[in-house]
Amino acid sequence: MNDNPWSRPSGRAADELRAVTITKDFTKHAEGSVLITFGDTQVICNASVENSVPPWLRGKGQGWVTAEYGMLPRSTGTRMRREATAGKQGGRTQEIQRLIGRSLRAAVDLSKLGERTIYIDCDVIQADGGTRTASITGAYVALGMALDKLVANGSLLESPIAQQIASISVGVYQGTPVLDLDYAEDSSAETDMNLVMTAQGTFIEVQGTAEAAPYSMAELQAMLALGQKGIAELVHIQRTALEA
Amino acid sequence: MNDNPWSRPSGRAADELRAVTITKDFTKHAEGSVLITFGDTQVICNASVENSVPPWLRGKGQGWVTAEYGMLPRSTGTRMRREATAGKQGGRTQEIQRLIGRSLRAAVDLSKLGERTIYIDCDVIQADGGTRTASITGAYVALGMALDKLVANGSLLESPIAQQIASISVGVYQGTPVLDLDYAEDSSAETDMNLVMTAQGTFIEVQGTAEAAPYSMAELQAMLALGQKGIAELVHIQRTALEA
Amino acid sequence: MNDNPWSRPSGRAADELRAVTITKDFTKHAEGSVLITFGDTQVICNASVENSVPPWLRGKGQGWVTAEYGMLPRSTGTRMRREATAGKQGGRTQEIQRLIGRSLRAAVDLSKLGERTIYIDCDVIQADGGTRTASITGAYVALGMALDKLVANGSLLESPIAQQIASISVGVYQGTPVLDLDYAEDSSAETDMNLVMTAQGTFIEVQGTAEAAPYSMAELQAMLALGQKGIAELVHIQRTALEA
Amino acid sequence: MNDNPWSRPSGRAADELRAVTITKDFTKHAEGSVLITFGDTQVICNASVENSVPPWLRGKGQGWVTAEYGMLPRSTGTRMRREATAGKQGGRTQEIQRLIGRSLRAAVDLSKLGERTIYIDCDVIQADGGTRTASITGAYVALGMALDKLVANGSLLESPIAQQIASISVGVYQGTPVLDLDYAEDSSAETDMNLVMTAQGTFIEVQGTAEAAPYSMAELQAMLALGQKGIAELVHIQRTALEA
Amino acid sequence: MNDNPWSRPSGRAADELRAVTITKDFTKHAEGSVLITFGDTQVICNASVENSVPPWLRGKGQGWVTAEYGMLPRSTGTRMRREATAGKQGGRTQEIQRLIGRSLRAAVDLSKLGERTIYIDCDVIQADGGTRTASITGAYVALGMALDKLVANGSLLESPIAQQIASISVGVYQGTPVLDLDYAEDSSAETDMNLVMTAQGTFIEVQGTAEAAPYSMAELQAMLALGQKGIAELVHIQRTALEA
Amino acid sequence: MNDNPWSRPSGRAADELRAVTITKDFTKHAEGSVLITFGDTQVICNASVENSVPPWLRGKGQGWVTAEYGMLPRSTGTRMRREATAGKQGGRTQEIQRLIGRSLRAAVDLSKLGERTIYIDCDVIQADGGTRTASITGAYVALGMALDKLVANGSLLESPIAQQIASISVGVYQGTPVLDLDYAEDSSAETDMNLVMTAQGTFIEVQGTAEAAPYSMAELQAMLALGQKGIAELVHIQRTALEA
């Protein structure tokens, strides 16, 4: 399109994450609460513990983890309609909160949780691309905080965490595979892929969508490799936050 | 109940506001954005400008101001059901957002706004009593920022602000009238009254509800006097924030 | 606007109620049923007794009083959309029925009601201003009838009525405070205030809204004084109806 | 079941209508308004004129007639849930209002109505069986009043009424065909049939449902004959009301 | 309209059914499953057995039969909006499924069914008029299959079928009474009547609606006679299918 | 779990598709209509052409393709609640129909479609695993038929198909990667992945979810290879059907 050399709108290297911060105890009521930022994307992740399970699990001696996701109406460049006013959650919202819930259930041994439900609420305060990957990554920390509290107060003998998880996006931007797309990239990327992975480098979710053009096997492999790198960095940031 | 002398749970004097802070530009997309805190109560107030009006106002050459209110599910001590999931806004939510909208329309000369709608979104991040009064007080500042921007970019010749408004609660706690109830007081007060007033000391809204027992004319007068004092302080804080 | 002396559209004195009538046993099925009229405003108030309480009160040995409000689609000058067709109650409806319910709970000692719920249905047949104040005033009589029936049939040893309540509107019309606004006044009043008070002259609710311009402390005091006068008259009319 | 001779709960003869009254101008706002009673069944029928038609009829030079039906929650022996609260109209309500609308459209030459919609609202104040037949019979009068008003004020040159219609129920009660079932009969009838007919004795609707047992051709013929007698009487009562 | 002799669009005789086929075991999961066709109208009727009853029947020792009806969006000439997307079933759908349910309950002695619910799902794959009559006629066969299975596996000692039922439409097309209207006739018929009858020739439902003009007693009698003929043929086809 | 050698419940080889059939013109009204079967999974895919586009595309000279998905209540082993009755589409339904729509838009050059919308309705008649992959694969054929018809009748000069697409599931069953999971496999698989690919072997969608345990990079690669094989076979079956 022009003869400038390729560069990302943010000037980042192709395999470079945005600045990631995790602020614990961001709100005071939740059993686990963090504000996570991926650059200008800001998400509050709250974990709430309730001493009951959904009807279909009653009496089975196991727990449940579920998630809900929302965006403030003006978290985006143009105001979106409030879903509570619209009377229902849109398809995108439901898809994202189902993904968050599935991902976090994969992090927990539900049989060790007791008959409890952990509700994860991910609310986007400011959006700049990657809200679902920030949500999952932050929610893992909020969940960990809530479980640590159950251990600390004697409700659980040991943490039911089965494996640490994190999530990042990868994509193909102007022909080059890149890590952690921001909104400027996301809205014009040829391909957008979200990965949820464990600290061991195995996969929980791979969701890759061709936006402008199908992607080749080579591009897919390049994106997977970038994702592995990004997840390793996020896992480290999560661990530092949890141990602080 | 005990023979200790009367005191408020927070130790405040009867006519003392909580610490009030207003952080401008809390999020980056909205035309006006503030985080307002009344003690532990935290509300994001975003003002969005749209260049159209509701159908019933089209072609009349005037603008509109409307508000929506929400609480994050875990802004409260016990998690509340998300209204987007429930499929509708509850009665309390609708009552509050109608109040916010009416109050802000009283602050603006709609005929000077042009055919524009200002959406005010008040989202409670953390609740500790007084969310509706904090919302109105913060929303006035967000609205002022958005209108200043319209003047600054030449869309409007002068600000359509007609009068400055703010809001505070008063009540009767253990027999004594008090200013700016927090949750510990609010949940056991005999009476709870919300005032919306102008910088000139006139009234936009008076909403006083007997919770545990009817209140006398003398108590009503004492609450009105406390409210006048609190509004004067809030008006000063708003002005300082807007001029910063 | 003109040089005629000030007068109300109805020709009433500033402190004069409209004709108020209460017809008992207006419908035959309800435990308490009245048609109340405030001039051309006509509301059917039915009280229904059910021998159960909402889930959150079960086993606590106390009762509950709740209210619902509706308007026939053509109770008004222009047909309104039927809320059952729209699929939800509007914000105004919910606000009014929450007010009616709160007001009537203040009239009853719920701990003496037993595990029963009294449903109050206020349905406006014809509207000409003041439908919420007529609803509350009539609902008190319907409630009293239903409770008297529970005493008469031995279900209760004594009436759980704690205090008699009634409701009236006051406002500022063309610069003058007036009592009991009809639609012609209400739609152009500078200020509209609804009061719910006890027979003893104490306050249950004060809800005053500036419509066209903020109101001064002097106007507020004048409106409160008018309201006291009107409530005293309504209390007498209610008592006469109940004792008939 | 016993050896008493057969009799109706009300003591009426098998071919005897309940007392039918039609009160015109029951409410003041509607273009046509009646209260119709069939014994203890009381229905307010309001006709509203709007100068527009549904989208699919725009520009076709014809009008539309549509109906809505509702019951006050305590119009019945046991309180029913308010449909506006439930968030939707039940199947029975929709079925009845579709029947009312179809029936009234059969009474009108829509091509002579101009681009207008007549809304018919039938609201049951008190129910004792036969609410849909009373609704149709009363709605015809309300419709006639509204159309007469359009002729009187010069909006229409002549009334677009094509034919007079009325409606009555017939059934088989304890083995005997009867006319105009009240609730005591309706709730235990073997068969319930609603007829909508013209003043000329032709049929608009026949809706006969076996409740407890199928009905024979002989019973069907007997019910049709009873219906013809009842319709003739209702047509006379309608005409008297309209000409009053 | 023209001087051609009268004929039906399909060329059928006035008293001639369309080709009717019943394919059993059309899907593999349901306890009873048929595809029924009335000419080009194709409906899948599935009967599902559940070992519980609705709350209001619990503990009464009897069963329940209920029906739901749907049309694929493109079962019709023009695509209809999917009701699951619209968020509710339309009035026509509810009316039809209430009719199907009532009709099938008349076919069964519910006291012999035990505390079971039979759900009948009628889903129209392709529509060409008469979908409700095909649904009822096919649903009877699916219901019979499901009940036979309960007898075969020892859950019931004998079939609770009380009487065989079927359904057909009749109408007046261009002045002549006809049997089993297809879409071309239905959309222009003066009158449309649906009959549900027993194998003994008694009536479960008669629902006749004047579409273009009221119908006379003579036309009504002619339609009833045509219906009796059609039902007799359908009863034979059902019996053949069930015994196959 | 046992010492039998590994085998699939169906006895298929690990890389073996189920029998796939495509029946064109399955229903008569739609512009493109097929019944596709993947073994016992049966889906009706109908494509409908409308000569308009959604509001946000008006006047841009391009078309739109969108999809809706549904399951008959008894398409499954246990009856599911009908979504039209529940009043909304579940999260899974929305997720699937968004996937179908995105996939088919990738197959079409929307700028060559003109201002038309193609609605794709995928309705599952019988479910045995893989309903979404069968839906996409069949929908491509229905879409192709509808577009061919637009070319044949002169509405389009050439087909706007940009590339042929198909979809298949892969997974890990008892430790072994397998192609095209049926319900018995799907409900106990460790991992389930759905692929949408082009005839050229490039990717439109990759959606892989760990069900019981995270999957390794090696398993991911094996699944991708199986998918490539399956897609190649489906592409051939589609082509044969379209050319028939």
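The first chain written gets the first letter, and so on, giving A, B, C, D, E and F; residue counts start at 1 in each chain.
We adopt the following convention: a residue touches a chain if its C-beta (ideal position, glycine included) is under 8 Å from a C-beta of that chain, and two chains touch if they have at least 3 such contacts.
Since this is a predicted model, take the numbers as computed values, not measurements.
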Any chain that touches chain D and chain C
none
Walk from chain C over to chain F along touching chains and report the minimum step count.
3
Compute the rotation angle for the C-alpha superposition of chain A onto chain D, expressed as a multiple of 5 degrees.
180
How many angstrom between the C-alpha centroids of chain F and chain A?
28
Just how far, in Å, is the C-alpha centre of chain F from the one of chain B?
51
Residue numbers in chain C touching two or more further chains are 87-88
Ring path (origin chain C; first step to chain D)
C, D, E, F, A, B
Give the list of chain A residues in touch with chain B in this complex.
27-30, 33, 40, 42, 44, 46, 48, 50, 68, 70, 72-77, 79, 82-89, 93, 119, 121, 123, 125-127
Okay, in this complex, where on chain F does chain A touch?
88, 91-92, 94-95, 97-98, 102, 106, 163, 193, 197-198, 200-210, 214-217, 220, 224
